[in-house]
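Here the chain labels run A, B, C, D and E in written order, and each chain numbers its own residues starting at 1.
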């Protein structure tokens, strides 16, 4: 009997209840697809959270060894299906890097335009579903309302609303249609003021702050150690953005664009005077900061899209034609990471001289972002688990590939 | 007696609630599952609140539902949940114990019932009940006043000897309040975090 | 970034265990022996001059040609190549570390090749190594929890190996 | 149908009381015993309220019956809180609330 | 005990229709009981259906969409019915792990509790199924029983998520009953009665007579009450027992079809109930902001006109209650959900102390501690002859007053028992006159504002 007193769990909690092992997912409203978390809980307190992945494993890497580089584009769509343009871009760039193929100036701006527009759409979903995770349904529909308009724009340009296969090695499947830029302009004009609404509903909402501030704190060292990237990394205060610090093949896209990396420096985010202040409860690296970084990145992307449109208009020539299906890849290997909405999305390509790669490797951002779960969910409440997972903004299609 | 006009509603409701109360009390006794026991206890106490309503003690009945059923029993069920080992705990009692208990119980019941029926005053119905309207048994405010120390329900009392003993329930009320406060603090203290347990353990080493 | 300088420094420290430096390729790489990989990685991470604090990716490539006719034409011997893409968030440079492993340990089919785990150096390696183990069949010595991650725990074979044959049936589920 | 008298209520109270006593005797679970106590208290309460009802007796106990019933209810709440705290504490130390196992002090 | 069944409405209806029925008539009594039961069940069922529709419609509008538009014509007003039919036709699933009896009983327990509380809720002057003189506490008490359905459902489902939901619910409801009770006590002691009909009638007149405008403390306590009410009926942001993003669906994870539907009927029933209670306790009950029928004199005229006035009162009451429910719906679709520990801190750290402070403040206001309440501020009520708050007495007070008046002797001449502007009650209570003056004192704090003016 006395042995129970020595049990560390006995002294921790108010009433010692029996430990419970519960499965959150793979069918659970807030696990963003088919993530399964095995939670070991003591009452409401989670003592251990183990993610189990692989429910959406589609062997994308194996498939890549059997298809030519252009045929692989639709498979990249299905990795991060919320940011398919960025996935297409990542693959297109790595193929071009291997081929040392440069797209024309106009194509470059088109790519920035698409990538940033998709980043807005993706962050809107992240914001909406995060609200959903915290029990607030309305921001979700607001976010989808705006996202619909982006999808309309994409549909007009490539015919698809989710899996675009638009940006291809060599350029894009087509140029923008007539009047597209005006529509995009109109959308951006409409989006800017409603971001204020989202801040009211979520960012500066007292309940939201109480649910997210100080929850799931990820220190900068740990964030780097776990290889997290994107808003998760920058939410921990690490000033690292591949658009600025990445491979020259990628940063070349953003050459002469004006933007600031969204990260807290000296207690301030760039241009944060226009947005709700950081609440006193928030700790750098917590769920609130991750969310806030995403919200600010939407604004940043709006500006980038505006710049891209301006440059696209000014640029002469075409936007690049897709490479031939049978275009042989030179012998060699190339690795390229791009800054996708969820973080650093890396593609690695080994070619043996055929059009079909010898090996394709995909380094997924959500994969690394998710791996911190057991670290940050330890000792939190059950209700905090969706709050943390939601703030990581994972897409299972990308994790399982 | 079953004329249309003379329908004794009190009796009908009494039998209804009495059967429910007794039935669920026995169900509590004979149930082997602790959660079901709690459920039957809820129904039993709820039905007895119905009996209180019938006697005109509406405030007591409401309090019974609120404090007893809504508070105490929820707490009890909470305790059941916290301490349930397997999901549905069964409490088997050896049959030998049952037989002994039932013999003793029926003896006790027979004694109590015979006592209840022996006193002539208790088996006599109130002759002028018809004259008492629902408004006459309205007692909520008088009870409140009684707790504050003023017995407005005994205004017609003229016997000075009796008057001395009914100056209200202010003192017991205060005592109970303090008692409850102590209980609350004590219960919180007992069920609080067990950090001290570890300290004692270390001290022993 | 000066890859030659890094190579020289490593060479000085680890001798011939740091096998080669190739800078003519798209991404310059340094080949290291499997035995000293952990030490090299620790130095790369902790040395103030390099600070490779971010492990981007761990990749394993199976160099094996099942088709005998084609196998005769290739210019390599069958092996598994491990690639570690490293970068530094502070100094903003990258490097690729390669390790050459046999396809099977001691050339006994079914004996997984072994390499030291770097999960003690970068914790992100934990999941990446599990993935490589799962799909390519490389044993990471010193890994705290080497289990399959994407495939079910009872899956047989290593799907990304070139000689992998998809099983016809899994728990009564027909695959074709 | 015979008119309802105080004795009817007393009979109900007696049944509850006996059921409660037997519950206390036969149940092994501390919470089962606690439920028995609640039944006993409530059986007594029915008597108090019945004696105090103006509807049942011309010369009733009056409001005093209800006062005592209220005190019983409130004290039962306190008693339940303490008993529950004891039960939980006991459970923490012994991982059971079987009352027969509470024999630590036995020599 | 024919009084147990209130015949007022039925008799008036029948009397109006020319049927003369003795009150103790069995057929009449049974009919009355049936009518009451059916009316209340109808109200609860229709209210639930209406609010399910309203929830979708309001949520739709809040979320920049239309909500249901097709079923039953333009506004989708039959959507709730369609939902009901769908639920009826669903398979009734019971998990193998479940405790069959409790699993089946739980939804009915919930619904029965919610429905029973309507017994004591007046819809208009005297329109109440059962006159209970401690109606306020009765409603709170019965409403508190709803939690048993949830606990049983959670425990009997044999699912861990359900169990979590049940644990949360029991902790939450037990805690919130404390501030809720405290809030309710404020209007109760201002009115000096727990009888909801009397409390409602005490707020006759212009809207300045509503208790929410009685003093700053009642105004504050209303908001505390509303917060606690939302928490006690398990609505967002306090809907932890069914938090779908954490616990899948909490206590009703394993329920489907009609059983699931009963939980929802109970939820919407309770929402209307707490709003109705708020309406009576704080917003004048069935009295409109402008006492039209009092001005016309219909409300005390008897016959058809009084019936019309009472009907309008009922409509008035329902409108106010529906507004309350709409606000709950609005809150639900706006705010994220709190965490369980935050829900408990909200209760223990904010609601309970606030309610206690308001209680003491209102007490001080009532006894003139702030020096403001002694003289009535001007209100439009002074223009018209409405029955003043102090004139509503419980029967025993009236009887005691009558007795005192009858026994009135020279000793009492200087201190009329029922006068409004008495000193503090003399509770020493040794002699007859002193005690009867204490009786009068019960009425006096109430009449301090209205009775004098």
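Keep this in mind: a residue touches a chain if its C-beta (ideal position, glycine included) is under 8 Å from a C-beta of that chain, and two chains touch if they have at least 3 such contacts.
The shown structure was predicted, so the numbers you read here are calculated from the model rather than taken from an experiment.
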Leftover contact groups, counting everything except chain A: B, D, E | C
| item | value |
| --- | --- |
| Pair of chains ranked first by number of touching C-beta pairs | B-D |
| Chain nearest the global centroid, as defined over all protein CA atoms shown | E |
| Euclidean distance of C-alpha centroids - chain B vs chain C, Å | 73 |
| Distance from the mean Cα position of chain E to that of chain D, given in whole angstrom | 31 |
| Centre distance in Å when chain A and chain D are each reduced to the mean of their C-alpha atoms | 61 |
| Centroid spacing, where centroids are CA-atom means, of chain B and chain D in whole angstrom | 6 |
| Numbers and ranges of chain D residues touching at least 2 other chains | 88, 91-92, 95 |
| Chain A: positions in contact with at least two other chains | 5, 10, 15-16 |
| Where chain E touches two or more other chains at once, by residue number | 167 |
| Complex contact set, residues of chain B against chain D | 1-2, 8, 10-12, 14, 18, 21-22, 25-26, 28-29, 34, 37-38, 41, 44-45, 48, 51-52, 54-57, 59-60, 63-64, 67-68, 71-73, 75-76, 78-80, 82-83, 85, 89, 91, 93, 97-98, 101-102, 104-106, 108-109, 112-113, 116-117, 119, 121-129, 132, 136-137, 139, 142-143, 146-147, 151, 153-154, 166, 169, 172, 176, 179-180, 183-184, 186-188, 190-191, 194 |
| Of all residues in chain D, those that touch chain B in their complex | 1-12, 14-23, 25-29, 31-32, 34-36, 38-39, 42-43, 45-46, 49-50, 52-58, 62-67, 69-71, 73-82, 84-89, 91-92, 95-97 |
| Touch list for chain A against partner chain E, complex | 20, 22, 28-30, 43-44, 131-138, 141-142, 145, 201-202, 205, 207-208, 210-211, 381-386 |
| Residue ranges of chain E in contact with chain B within the complex | 1-5, 22, 24-27, 29, 97, 99, 101-102, 105, 131-134, 137-138, 140-142, 144-145, 147-148, 151-152, 155-156, 158, 163, 166-167, 170-171, 173-174, 177, 181, 192-195, 394-397, 400, 403, 425, 427, 429-430, 435-436, 438-439, 442 |
| Complex interface listing, chain A residues touching chain C | 53-54, 57, 59, 61-62, 97-98, 100, 222, 224-228, 238, 240, 245, 247, 332-335, 337, 344, 346, 348, 350, 352, 358-359, 361, 363, 367-368, 371, 400-401 |
